[in-house]
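Below are two complexes that have chain A in common, paired first with chain B and then with chain C.
Coming up: the complex of A and B.
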């Protein structure tokens, strides 16, 4: 048994062992760690509801079919930088960037300035506290990605759009992506990352994001996962938040054969404000697992999580929310809520909130509900001449849009609203 | 000036916390009863010895052996949020009985030492018949000593006896029901229990009978180095009702004592079982945590019939480690499961407790109310599972688990698992963690109550929802326990 898993691990690594970018000590360490790291199984508490073994079984290639334009993939009216990655590789022809001028240093990996190379050398791999086979493979071999550095006091007004388009051929496509965002003191940055696929081919993406927000910095980071039903995403996002900083995260998942979004934030200074929201609207045999961990390491921090899901077909939704309040993190306010609607008989939802609290002067709560659409409300709408399906759409819209309200990028908000409305 | 006051208040708080933390175990003493002990360790011979000491039939021994061999293949579970030194299962006496008993006809024949013990515990066994109307099956260490009211219950066809008697007198019932809800393969400690259990209680309520009194057993662990392995089995046939009380205190000890009990409940159509526990075993040394009881218990009920109901109520104040999840399998349509819990931890105590509600039948309902209170350097966790299976149409669950923190060295944790596989089900879960509000204390103080009383009032109010579920006889004791445990523990 163990040996087959090892074989899978080997073939998975083989596919992703690209030419490998600039060798830093983090990359070397990750390569060494890979020797011993094991593939997570359902016996691991954090992977209880998600089986990743099948992901590693396929044999992968790293090249796919060409993509000619970004038409239909751009968020309408969102002005700013656009960085496009086709089949995991940066596409200079489809990308434009630099709209923020001196307020932001930005470049895809492989095209880094001296300054950004320095940022990579200093920070890459710094936040990965719980290395697993996916993060280690990424650290060791990912040569594609975006590096952003906003210097102290600079406000990058124009949002950054990172667009991933996969166009797999007959063979399964594998890609890796690495983001490293450093937001300086009193600096502001906004990023929207979207994922698409063309055709019905199978793909697997292994992505790691590292977000460093220094004192008084602000980051807004939106992810919209909208690939095909044959696409799998293994995403790990790590954040480190300094004193008085602010972060707004939003993760929207529409599809994917297997999607795992790991989000691990460390509130490392006092008075951090973190808002983590997510929505998943899934169908068919999709499996979406949102795993969040919020580490309250310092006093006076505020975190609020709101994840909502609509699950139909024989899809499976998983939400694990872990809040850890450290012994000295007094006056912590940590809230978490996970609400789900099941629309079909075969839909499944697994929720696992988890609070570990080692300080006494805190206010922490979590709530979880799973049920179906309120029949009384549907009846009310139908009694007023609204067809059932329309009524259901209205209910879903009202249910999910609550999570989006905190976003400041208006075009993104409108785009999400449109996508959600069109989903079911 | 203001600062001085704050400082003064602080030290006052500290003093109170210290007082509270240093509070000695009230029920700590040891009884001198000569005991009949098996040699240390566990092997086939020991199991044969236990079986022969109890004059058990061959099938019982075979069952124990089967469980033992299964246990050998199992690994000790480590997933709980508790820490303790490794248990050496070969350093435990698996059998210890008070002096060989002769058949007793009246209380006068009971060993006077034992009666004294009961008096200290506050169970006036001699007055029981007249005063409380509670039938008591008292267990000291591993052998049932005295069962009262048996005849009266017998008239109604109710069987209430020790497990070993049941094995002798009602083998068909034991063979039918034992291991039905908690099979010997269930988990590490359940397998161990099935191999070495020494005694326990058996209750059988026949069809249509409403048990006229609260059935009660006091467990006491009473001999150094004896693991206590109880087994309780309660079967309620159609349209019957029973309320069962279980309460425990134990003498002060130096070495850890392992308690791995198994409790099985089976309820048929329209039957209801109410199971209440007050647990106040020795929690160990407040500073080092040394010497306390390890309470690793498997408790599970099966709502086998339509409209059956099982309700667990527990007040957990003792034990160094409490690790148990009284669960209900809701198999019958319209069946109902309830779980009410107050868990208080102090000193170095650790509790990892909660429940599992497995919804299988249609229109099944479950309710979970859990209140955790942690003080001192203790860790208190709620761990629960609510599972709505595919076929469980219109199942309903509501869970609420609240934690209260007193002092800044303790921890409160929640690990709820919610698995929903049917869209017609509704599952709601809420959890909060907080400390006692300063404004609440201030409000009480402004009305002339001292801080200590205010805290006691607030905590009792906080736990009221659960305490209200206890039968009268128990509620008084539980309230007393709570206020003893929380005296002066101002956060």
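Coming up: the complex of A and C.
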């Protein structure tokens, strides 16, 4: 007899099944793999602090309520393409794209040109080295998402804004999303992706991104997760970085019932420069887990990871940072830091740095701190007439803004700044 | 203006102030001297509203209001300013942003119009000149990496910006070289007016050569044991704090 968890898995897969994109070998393989892949439990080291079993429990539908406009969802003053997905489906009416002309090929899945179909056939699923039930479900069935291809030597000046709005109705909504970005040699792209869930309903997103940056290419990729207390995210982002390439990633999580952001970057050529920063500001009973892995496979690469959290209520934050320096990766510079402020007695933070170094000429460091807000500083500000709440906002702003200093999209920076100071 | 009556305050169950009384009128400068551990800094902290202290008895009226009932920011709004003995470094908060927020918070409290960006910068330049503060310091984070003297001058600069009616200088002279001491004292003297009062807490008589007090009080074991004019500071300097033991045999 099948166990309860197997039944949940079966009904979860059934809900998310689509007939789209039959025939691709990656999809066929993923469908086969799903038969044996198990749901992670807390006994698995990588899932120790995050219970995902309950995500499969709900009986999901893939349709939700309508969203008529992008008002309140757009990043103000960010000019460029806007691609909007409502309840996981591309919304042509709310989207406009093509501002980069020939410098970027971009289309939602399902609307791909021959060239972009070729990109998908070549690369989809390529980077998923540690397939699990969520990534396999995504590869097997996700037929929505954005494909970006910047040809060699092209600079896509205009940023791409991808907006996901989930609006569940009475039934729990499940949506899947798959992004594939290929940034060619010497090419440049900038993407800001925002997630929202609105209304009182329950929702679950299963998201996979694959980012390929070829030699000397450059990608800036910002994710902002703005979810309701009934919304969960399972996100997997994989990056493959070629020689002399640069990536700047920033992940901001405001909320969500359960959020797991997996980020796995492979520095696959010499002299890669990777920055992966993040901020989470959570309260209530929210649970946010950032699981990151940086693979230094080649020499002379630099990675810098800085995640900061503010946790209040009885919320739980988790950070795992794994740095793996391969034997050939001499002259690696790899830094990692996770700093947290707990604003309440019941807030929790689990942080786990992990370094595995097999080369002997490297500079690596990691550090983690979890503490209270600096009461001495708060008193100093208040003694100058600044009200307590305002003083706290100033301190949170000061604590977190260091993580976004390197971002180049000014309107995104301003948006993040406003969101962060308005959070508590 | 400030009326302290039989103030008792403890920290972690240990009584530090043991029935302190003091009356400050508009325009007066009062100096409080005393040996280490006599309660000088506790008095400053209690008046500014630091939460680590428990008030067990007594009252403090400031402009007729119950000061101890007000939050620290309300005390600042009412016109109280504390120049910290150890100013706090706040990385990531720029001095300019901090001061603009502070000045406008206080102005809002006082029912005054909030300053525009231009007016604020003008005010800042004007007050910076009073303390001869390097303009670059205001671009940095609050007190971060400031030298000891710069920190103390920055405190006096903040005082000039916030225009308090009662300023408490908590050992502002400690650790200052003679030039910095002169700058700080001259700034205070320039700001003196019939409406503004000072409570100058110091360990050394030297500051009082520059900021001449109307009254000098000697704090010892949590109480004011002797009060007098400015000559009392000289007497104290000459006889040393051991003299207090003779005045107050245990």
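Throughout what follows, the second predicted complex is superposed on the first by the 421 of 424 C-alpha atoms of A that agree within 3 Å, B and C clash if a C-alpha of one lies under 4 Å from a C-alpha of the other, contacts with A are read in each partner's own complex, and residues count from 1 in each chain.
Basically, a residue touches a chain if its C-beta (ideal position, glycine included) is under 8 Å from a C-beta of that chain, and two chains touch if they have at least 3 such contacts.
None of these values were measured; they are calculated from a predicted model.
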Who touches more of chain A, chain B or chain C? B
Report for A:386: first if it touches chain B alone, second if chain C alone, otherwise both or neither. second
For A:116, using the defined touch cut-off, is the partner it touches chain B, chain C, both, or neither? Pick first, second, both or neither. neither
For A:399, select first, second, both or neither according to whether it touches chain B, chain C, the two together, or no partner. second
Quick one: is A:327 in contact with chain B, with chain C, with both, or with neither? Answer first, second, both or neither. first
In chain A, both chain B and chain C touch residues none
So in the complex, the part of chain B that touches chain A is made up of which residues? 79, 81, 388, 390, 403, 405-435, 491
Of all residues in chain C, those that touch chain A in their complex: 48-51, 71-73, 75-77, 81-82, 84, 87-88, 90-93, 97-98, 101-103, 105-106, 109, 141-142, 158, 162
Along chain A, where are the residues that touch chain C in the complex? 374, 376-377, 379-388, 390-391, 394-395, 397-399, 401-402
The chain A residues in contact with chain B across the complex are 45, 327, 330, 340, 342-372
